[in-house]
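Chain nomenclature is as follows: A, B, C and D, assigned in order of appearance, with residue numbering initiated at 1 for each chain independently.
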Amino acid sequence: MSPLDVATLRKDFPILSRTVRNDRDLVYLDSGATSQKPAVVLDAERDFYETRNAAVHRGAHQLAEEATDAFEMARATIAAFVGGHVSEVVFTRNATEALNLVAYAFQNATADAGPDRFVLEPGDEILITEMEHHANLVPWQQVARRTGATLRWFGVTDDGRLDFDPSMITDRTKVVSLTHQSNVLGTINPVAQVAAAAHEVGALVVVDACQSVPHMPVDVHALGADFIAFSGHKMLAPTGVGVLWGRADLLAQMPPMLTGGSMIEQVFMDHSTFAAPPQRFEAGVPNIAQAVALGVACDYLTDVGLQAIHEHEVYLTGLALEGLAGLPGIRIIGPTDLADRGGAVSFVADGIHSHDLGQVLDDSGVAVRVGHHCAWPLHRRFGVAATTRATFYLYNDEQDVAALVEGTKRALEFFA
Amino acid sequence: MNLESLYQEIILDHYKHGRGKGLREPFDAQVQHVNPTCGDEITLRVALHDAVVQDISYAAMGCSISQASTSVMYELLNGKPLGEVWPIHEAFVKMIEGRGKVEPDEDVLGDGIAFAGVASYPARVKCALLGWMAFKDATVQALGKDYT
Amino acid sequence: MSPLDVATLRKDFPILSRTVRNDRDLVYLDSGATSQKPAVVLDAERDFYETRNAAVHRGAHQLAEEATDAFEMARATIAAFVGGHVSEVVFTRNATEALNLVAYAFQNATADAGPDRFVLEPGDEILITEMEHHANLVPWQQVARRTGATLRWFGVTDDGRLDFDPSMITDRTKVVSLTHQSNVLGTINPVAQVAAAAHEVGALVVVDACQSVPHMPVDVHALGADFIAFSGHKMLAPTGVGVLWGRADLLAQMPPMLTGGSMIEQVFMDHSTFAAPPQRFEAGVPNIAQAVALGVACDYLTDVGLQAIHEHEVYLTGLALEGLAGLPGIRIIGPTDLADRGGAVSFVADGIHSHDLGQVLDDSGVAVRVGHHCAWPLHRRFGVAATTRATFYLYNDEQDVAALVEGTKRALEFFA
Amino acid sequence: MNLESLYQEIILDHYKHGRGKGLREPFDAQVQHVNPTCGDEITLRVALHDAVVQDISYAAMGCSISQASTSVMYELLNGKPLGEVWPIHEAFVKMIEGRGKVEPDEDVLGDGIAFAGVASYPARVKCALLGWMAFKDATVQALGKDYT
């Protein structure tokens, strides 16, 4: 049973009443890519523009004061949402930029012979996992190449769990970066355990929380993370805003990635000094309205209840796994049990390419994602080029799962 | 648009029974192309002689649309002089990228017109063109070799 | 006389009917910091979320196709708006990020021993101007320091014009980066002339078009630019979106700044290859709704007419210069004639700090900006710590200028 | 809020006739603080003896609020033992950052309460605190020197 009253929640999301392809009801099972937005979030964004729009931290007039207030209050809301301090929240465009920001702290500190904590040398190791999204893989490849450090990774077991081998964490390990919940497998990783091992050798711990912060209660201190990254658009907020949360003492040491206005302390033609965090990492006029709306999205999620959302998604995941197991030739990529697992269900069908399967689902009104979901090495690990992925959120219900199973059946018949 | 007009019989047939499959010798150029969103890939070889396509051979992994369109391409272009090849190639690309607004010419495209429906599904455009782009790339490389 | 029907245009901007401080009508003269938004732009953004919201370039379902269409059509609109090709437009968060993107192309190409065009060596020179916004200054300081190149700059004349000395452009010059219109002085720089000299020695030309693209017709080819950067929020569009336009052949050679999903060609655990531009420079889920709305803002501006907007602003600038000249102890920082000049009027008042002057204006309902406007070295050049700046846009009228002059008079009296 | 309650007579008076201005010897620590948005700056020196503030001397460039608040600070803190200084300092910062919701105590703040209006203008908070933050910084440095 789900703890949510989905029928009531659905009314908050205008897009869910539209139809697709020949008047089918929209069954949106692609929230892992991006979520839909409730009216209250859209209202907040619009209201900002219609009543308080101004550049923040720059003007002394009333609009600028009100805009700055709204922006900084959103920062405080978001900090509280993940158990951090307001000065530890940096606004980025998306999680990808947030992860790059950390990676560039290493690259730039190394180039500048900056703070030890962030300097990498040949022999140093960056440790990730084989289930990372490209956003938490490619930036580390770049850093490794440019600093001479070595990129290593934990494997993934056949049933889609992290193959956590503590002996890989050694004195050479300088940073461990891993996803909290896999966007393909649904697996929730034992981040606290990995973080404890990493901290024992003095390594920094970066958590890609893109698929966890929107879907379950996350507390940065309980996780043991030094940095976490997540995207607003995956948690009911507008596109164009993401968050890097970082431990205050670490942010204080980090060089900026982007430089320009509003992040400086003093500027001369030949050199500059930089402001304290979080301003140091927010160059230029920021994504103000989007940040304000993200604050409102956090409030909305808090009202619904993150634990309830998680339980709801686990419930739907159980139904989906069960329904798909009843079809011939379907293989789940990821855990088939519900322990430490969130609402992403990826699968392949014998003899049908996921693009074709997805097309039949689309024709049935069911929006899923097909391809490698920006986790190409993970797909290679399972010997598949692409999978079909359904992801759930608070506005999905049993009927949506039934439509997924029904549509998949139709695809199997169509391509039989 | 409905599913049946996208997946016409002829497409499903080419998908299940790909023509000209396999990598063969001799060849003048070989290329590898991928579709970065879904990971589909093709390795394709072209053998030219006196500006005539002697052989197109390929090994591909992908969806029905990409597999079938490569197979149809093989039938349409193989053995033809380049002077006849390019107009067909251009017409096919134009149709696929035409967003359903380009009227395909069956005289030029033959079985290729079965892919007209793809134009209404922008996300599948890259699938339908995977083999065709690889062919163009390989042929340009082969020509470069010829003349240098 | 103004060529615009401002009274009619003002109706499109909901915020302009609000009041500030004790029921004063809002007189918004801070568009140089950020512009207000017409309802049609806000409608477009909201409509995107309510009807087509999905992650672009990733899904095969109908929503994803429609979202991708909207996003790419916006790119085409924006490209046409500045006379470029659609594949030459890269979406960033703001102009600051766009300028950093170019600066990092040099930094990273140098670190990677990449394409010659972008490799900098000791002895090479980066040439900017003394009137640059921090966004077009600090990133170049960073690049210079990390590559060993030398940062040099053109000065500014006493009357606020670029002191263009062609002899500073030599074989050592690798990149010339300058603002099209100063955000403090209002000066419009002879970019085409500078660009021609730069191209003669093979240097690349970067133009900070933040204050020109929103306010006058700009054609990248007429400018002779290799790159231009501008911000959506300054041209009626939402916060959180900016643009880098770059010449196709140059973008094709440039390494990415941010890496992650959607910008790759192939990804393996130990290395990756990257997509062609513009995707190569857009890592992660982009600011989709903001980009779509920016497209609509461009259409709105085109309908009003960029040449008319420019003439309107020059007209208001003339009125402001005249009105302020009539007050005792006011000094204009910038040209006092209207040749090659846009609508930014900065000034200081004898014995009154700009913060105090701005406060009295604010109390009169007039929103201006006070401080160094992110051009600290330029202020130092004129021997002032801060100025009061009024900037005009299509929705400002004669009454707004009168309110500025009246409010300034009140300040002079208040602090007399 | 109106202009007159922000710019009270006493503030304008301190602005025009700053108390304790100038940089003097001897001193135990000197700091430079800037307000990055408007470029205002202050160089401030503190001389301590037996945990008593012997002298606060400063050279500053800035708006009426920052100039006046530094001048008032000089009057309030100069010559006092640190034990009395910190409660005043804390009360002033609290009032300024209180967004108009903190009731200032005239017994503690004296003339400082004239700045209560600043709390309603968030953009001016940094102005009002420029000198006070510099003082705190300098005093902490001076104390560090004393005890190491």
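Here, contacts are C-beta pairs under 8 Å (C-beta built on N, C-alpha and C of every residue); 3 or more make two chains touch, one makes a residue touch a chain.
This is a predicted model, so every value here is computed, not measured.
A count of C-beta contacts for the chain pairs A-B and B-C puts A-B on top.
Between the Cα centres of chain C and chain D there is a gap of 37 Å.
The geometric centre of chain B is 76 Å away from that of chain D, both derived from CA atoms.
Chain C has its Cα centroid 44 Å from the Cα centroid of chain B. Chain C has residues 21, 58-61, 64, 264, 266, 355, 359, 370-371, 376 in contact with two or more other chains. Annotation for chain B: residues touching 2 or more other chains are 37, 121, 124. Taken as a contact graph, the chains fit none of the simple arrangements: neither line, ring, star nor complete graph. Here, these are the chain pairs in contact: A-B, A-C, A-D, B-C, C-D. The part of chain B that touches chain C in the complex is made up of residues 34, 36-37, 121-124.
Chain C contributes residues 14-15, 18, 20-21, 26, 28, 30, 33-34, 36-37, 42, 45-46, 49-51, 53-55, 58-64, 93-97, 99-100, 108, 111-112, 130, 133-139, 141-142, 145-146, 151, 153, 231, 233, 238-242, 257-262, 264, 266-272, 283-290, 355, 358-359, 361-362, 366-371, 374, 376-377, 380 to its touches with chain A in the complex. Taken in their complex, chain D has these residues touching chain C: 1-3, 6-7, 12, 37-41, 61-65, 121, 124, 127. Chain C makes touch with chain D in their complex at residues 21-22, 353-356, 359-360, 363, 370-372, 376, 379, 385-386, 414-415. Taken in their complex, chain C has these residues touching chain B: 57-61, 64-65, 68-69, 264-266, 275.
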